[in-house]
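Chain nomenclature is as follows: A, B and C, assigned in order of appearance, with residue numbering initiated at 1 for each chain independently.
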Amino acid sequence: MPLLLTRLTWTLFALSLGILFWNPDPEWMQGTLVQVDGLTRIMAVVTTFFSGIIQSFSRRYMAGAKRINAFFGRLFALTFVVTLITASNHLVLFVGAWTAMGWLLADLIGHVRGWPQARAAARYARWHFLGGSALVAIALGLLGMQSGSWTISGVLAAVPTLPSSVVAVSALLLVVAAMVQSALVPFHRWLLSSMTAPTPVSGFMHAGLVNAGGVLLARFAPIAFEFSPIMLLIVAVGGVSALLGQAWMLVRTDVKGQLGSSTVAQMGFMVLQCGLGLIPAAITHLILHGFYKAYLFLATGSAVAHKTPKKKSAAGSSVLSSIVALASAIGGGVLFAVVAGKSLTALDSGSLLTVFVVLSVLHATRSVVQRASLPSSVRLWAVPGLLLSSIGLYAVVYNGVSALLAPLPMAVLHTSITPLHWGIAALFVIAYVVTEQGWHKRSTRLYVALLNTAQPASNTLLHNRDQYNAY
Amino acid sequence: MSDPSPHSDHTLHSVKKIEIIVRGEKESFVRDLLDDSQISGYTIHHNVTGRGEHGFHEGRLLFNDRDSLVMFLAVADEETIQSIVDGLTPLFEKSSGVMFVSDTSVVRLDKFISEGEEA
Amino acid sequence: MPIERSVVSARIENASEYIGPLWPLQTFNAANPLVGFEDEPFDRAVQKAGKLLGGRGYPEPSIFRQAWERGEIDPEILTSRLAEHGITQRPEVLLKRMASDERNPVVDPSDAPLDRVVAKWLSAFLDQGQADWPMPNRSEGFYKAWRAVAPYDGDIPNVSRAADLPDTLLDAFDAVLSGYPEERWESIFVYHLAALPGWTGFIKWRARRANTAWQETYPITLADYLAVRLTLATRLKEAVAPERAKDLPADGTDRTFLPKIWLQAWEDSYRDRLLTDLSQVEASSDAEDDRPDAQLAFCIDVRSEVIRRHIEKQGHYETHGYAGFFGVPMQHHPYDSAVSVKSCPPIVDPKHRILDRPANGKQAQADDHDWWHELDDGRRSLIKTLKSNIAAAFGFVEGSGGFFGGAMAARTLLPSALFRLGKKVGDWIPGPMRFTEPTVDRPAPDEAAPKNGLPVGLTHEAKILYAEAAFRLLGWTDRFAPIVVFTGHGTQTPNNPYKSSLDCGACSGNPGGPNAKVLAHICNEDAVRDELRERGIDIPEDTVFLAGQHNTTTDGITLFVDDDNPPVPEERLDQLRQDLAAAQEGATAERVNTMNATVDTGRAQASVYETERRAADWAETRPEWGLAGNASFIIGPRRLTEDLDLDGRAFLHSYDWDKDEDGTALENIMTGPLVVGEWINTQYYFSTVDNAAYGSGSKVTHNVTGNLGIVQGNGGDLMTGLPLQSLQIDDEHPVHRPIRLLGVIQAPKTRVDAILDRHASLADLLDNEWILLTVMDPTEDNALYHYQPGRDWASHEVSVSPDPALANPLS
């Protein structure tokens, strides 16, 4: 069965690729039940790819596991359900698929049935997912009843005619549901307590399933886009999670906990992109983050190295290296703005993304230039080389996604920039300076607060090893 | 008070001597105990051979530094020796080893008794 | 009266005996988790440990059932063992009874605040480089550091300022213990140490090695742990002292216990079959006059048995077994490594420091290597700083995601291609073992500044000592072939936190190649040979010693030879390499049969490819079996075993009783390698019989923590011992057979007796049945005697038919 399902998944991947490129448009693809559009096509390729990798990996990794068929069955079912979410048009189908996804995922978190802590973690996650599904159901029910249409396309078309209070409430409910699914603060704890799942499940979860929050926002973007306060709320919750998640990553000492914290942060960033009205950027982020995080999860066994306590590093940056770093950063920002179609002169929400790119390039360049042990020729070509190739690769994915999403309602909404946006940008610049200078390390109170808020649910921790069971 | 001249004073001073024999794996414990007791110094003999109530222990092994015996030799005032004895008595309830305390004399008292400036 | 510091320390020292030390993953050492109980008979010890640590002492009934169904337990032996205890039921009935005696209570996990808060702060304090922002004030020690964070920790009630907590360790103990008489302290300490045996085991390891950089910078002792835990217990209103009923350690009792009898029957069955085979083989081959083409010395490791058999088949080759650190107690500093590692057995202290330096004329290769190494280092640290940076991480993920996606697909879908690519890269960019040589000689005085207290290099006397010891212990004083290879061993496995558990146990979980290089270097020195000749070990002028390393995952053997300037004629070298490749094919073909592998047997070298795939596959949880299956430790000449297929289950230490009149060689083998064998065997035993309490559970839910250990899932106590996948082919069938180590020694019984007379602690291991022993006395026509607890011997009664698997001597 594992072999069969793995092959089937790869076949589906090939099929999705075919649909992506040839874009056939038969009748059934635009019905009341399902509607295959750009978002569906992208997500189908991405989901089947991750699923195929995870299953191929698990064929060796999970070999000999007692419930291997149940494991593969659920992985495959999840793949199907997630694709269905992106393809459903009927509201009931959507809610059903959404609920099934949560149920299956919780089940995989508790895959090790004989291990009480795994069961507790599954229960904990399941309650979150059921709550999230209820929110989605209420929101869509409300919209369906008010608009009289039970398809997503129908509802979205009717949005301008609906009472704004109904739209606002539904939008709010959907935002909260997305926050639960993407494990944003304050709903992050289910994700940080989910490491009882076998490693490949974590890989799939962090690369794929948490993204469903972003897909939900993308799918119902026209509803949220109606209200700028809600957009600002999305930006705020995304920004907070992005910042806190990265901060948690600094204090966690276990590899999977660090990766989980990082996922909270990256999901925050992705949602923030949604809040800026940049759906294609968010979808691009979700795909690239998926590659990144799935790789790191599958490689968590590599994390053992001989290390010695760090000596205080003398962060002496010469004038020249500062100039080089700054120049590259600005160059990187310009390059990014050009390839990603951001305006260089007009300040809008897209400019915020450019700020992040500038910060990344700045940091990368500084690290490379300061590394005296590297041959100088390497230091010279490394920065432009890395910069060009990575921004180039990003541009390919981004422009592809943009083209595919272009027909979607309100894929991009250039919201004007508000003090809140400036505040978020300033927050990250300040955070960057603070961590670079090490000022944060002076506050014991902050350290303890971060460590405590990043703890998994207490009954999912295995203190008494007697209680452990491998299957 | 000035230091006594090294050559002028040949009087013998009474102090206590302790000899401790333990298994090699307890060496670090005894070493810590002596270090904590403010003793000014001690001597260690590794690879000691001998018979005790648990049987014979041959030292000088090529590939085992754990099972051979270690002997400590130290001299100090009675109070310091007493604190060492206090630590070793419970140890010997569980693991094998012996200690002997005896009277002995030294010439240079300052070498063995700390002046208590830290006490 | 204030409590005495020295008394508290001594009570803690006593209490800590019950906790086995836990090595960090980098140098995972085999050790008996019940090492603190070895002063008691096995059966009592496992009862006592079970009460304290919750682990089981004997295999599960299902494991006995599997052994029974495979015919590994001889019915006659079992029946007579049972009859001794007046049990007459049929084995099947007893298997059912044992299974129904098992209870599996379903627990609902509840919060354990004391464990949780202590474990949280332990993992924060002990972190060895994983977190970018480590716990503050660590350099002041665990108690002080904890005292500083406690006021901010909402989990700790009623502490608003550090001053609300006792000032010092001693004050903390004073505050908690003053209500208890001194006799109770030890059981209080044991109770709290045993609550988190993983973490306390690691502290025990770290505190004993004050010279490790982490302990030096951030000190922690079990006293710190207990002070924090006891203080917390009072704050959280949890029990300080265990209930009287649970007051530990209570002694076990002698009992009639079915699993105990079954285990003994299983062990006897294995023993009798092995001895029958050994007795049959004897006297077959005495013709050893002509000089072999080459001699290869391997580690005593059970994995060597397989490859040795296959090498001997290839031609006129002889093999020997010696402890894989080759008798050189050294600390090794690998080329381009930040740290030195101990490269000798856990029971030996290193006495020399050996560094790898580029060999003469190899500087160009070294420069080449350095260039790429720096680049790789730069890449690594760039990724690390970017992914954890609070603002740069987001852009980084978008810029690098595509590369990670490609790498993920390649590693998952094309592991075999990656192995070949890795090999090619290794050809282009030389690895350090190819261009470095060890600093065997004492360097010039200005360089010889001892680091970590150890002198660099070896004195002339030390060289003589180690060379002579090697040949004396092996009984190898003449008949040297033109080529002699000392072959260390190491594993190859990516994405595996338990890598070092597959490396050489005699080198404390490191590859043995560097030690082999040192001994070969010594033995090639003329001055050493002259001295050896005077002592009766005559090495011919034309004998060349080489070093090599056996890759235990692929069974490939690399010879560390400078091919630009070969020390032996090229055609001889080529022949040797060809034969080693053929041996690799044979050995892997044998091994893949046990691995659930689908190998196309029609294809040439299919088994080699399969093991190479495993050596490069990041998804592989069973790259090789390590020492799984180990069951016996045979001390005797190779001719005793060379016609037998011992199934990779025997440690083989070469020894010739005839050349060891005063018994010194045997004494050193029995007190050194045999004891290490027991450590390995007990680790495999207990990890198999209780993988939760003494092992580390399934790899699929492992979470590496603090760059030092493994927790399961979200965290909690550190796991100890081996993971399930190192022991079992699947969730239910162990590959390792949990039976105790059987020592078999060919030597006069009186000699063994004399050695036991001199070594009380070794005799204890035998009397308490942690090792079983049989002596084959050559002075009595190889009569067999089984050691009996209480310094007694029983003569062997032949009772079983030979096991078909073991009886077929290879042609």
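The rule is short, and it goes like this: a residue touches a chain if its C-beta (ideal position, glycine included) is under 8 Å from a C-beta of that chain, and two chains touch if they have at least 3 such contacts.
The shown structure was predicted, so the numbers you read here are calculated from the model rather than taken from an experiment.
Measuring from the average of all protein CA coordinates, the nearest chain centre is that of C.
Looking at which of A-C and B-C shares more C-beta pairs in contact, the answer is the pair A-C. Computed centre separation for the pair chain A/chain B is 64 angstrom, with centres defined by C-alpha atoms. Taking each chain's centre as the average of its CA atoms, chain A and chain C sit 41 Å apart. Note: centroid distance chain B to chain C, computed from Cα atoms, is 35 Å. The set of chain C residues that touch two or more partner chains is empty.
Across the complex, chain A meets chain C through its residues 53, 56-66, 112, 115-121, 192-200, 242-243, 246-247, 249-258, 262, 265-266, 269, 284-285, 287-292, 294-296, 298-310, 356-357, 359-364, 367-368, 371, 373-375, 378, 382, 386, 390-391, 393-394, 396-397, 428-429, 431-432, 435, 440-441, 444-445, 447-449, 451-452, 455-471. Taken in their complex, chain C has these residues touching chain B: 4-7, 9-11, 13-14, 17, 182, 186, 208, 210, 323, 327, 345, 347-349, 469, 667-668, 671-673, 675, 757-764.
Touching chain C in their complex are the following residues of chain B: 23, 26, 28-29, 32-33, 36-37, 52, 54-58, 61-67, 83-84, 86-91, 93-95. Touching chain A in their complex are the following residues of chain C: 25-26, 54-55, 106-113, 115-116, 119-120, 123-124, 127-133, 135-137, 148-149, 152-155, 195-198, 213-214, 217-218, 337-339, 341, 371, 374-375, 377-378, 381-382, 385-405, 407-409, 411-413, 494-497, 499, 596, 617-622, 691-693, 697-707, 711-717, 719, 724-725, 728-732.
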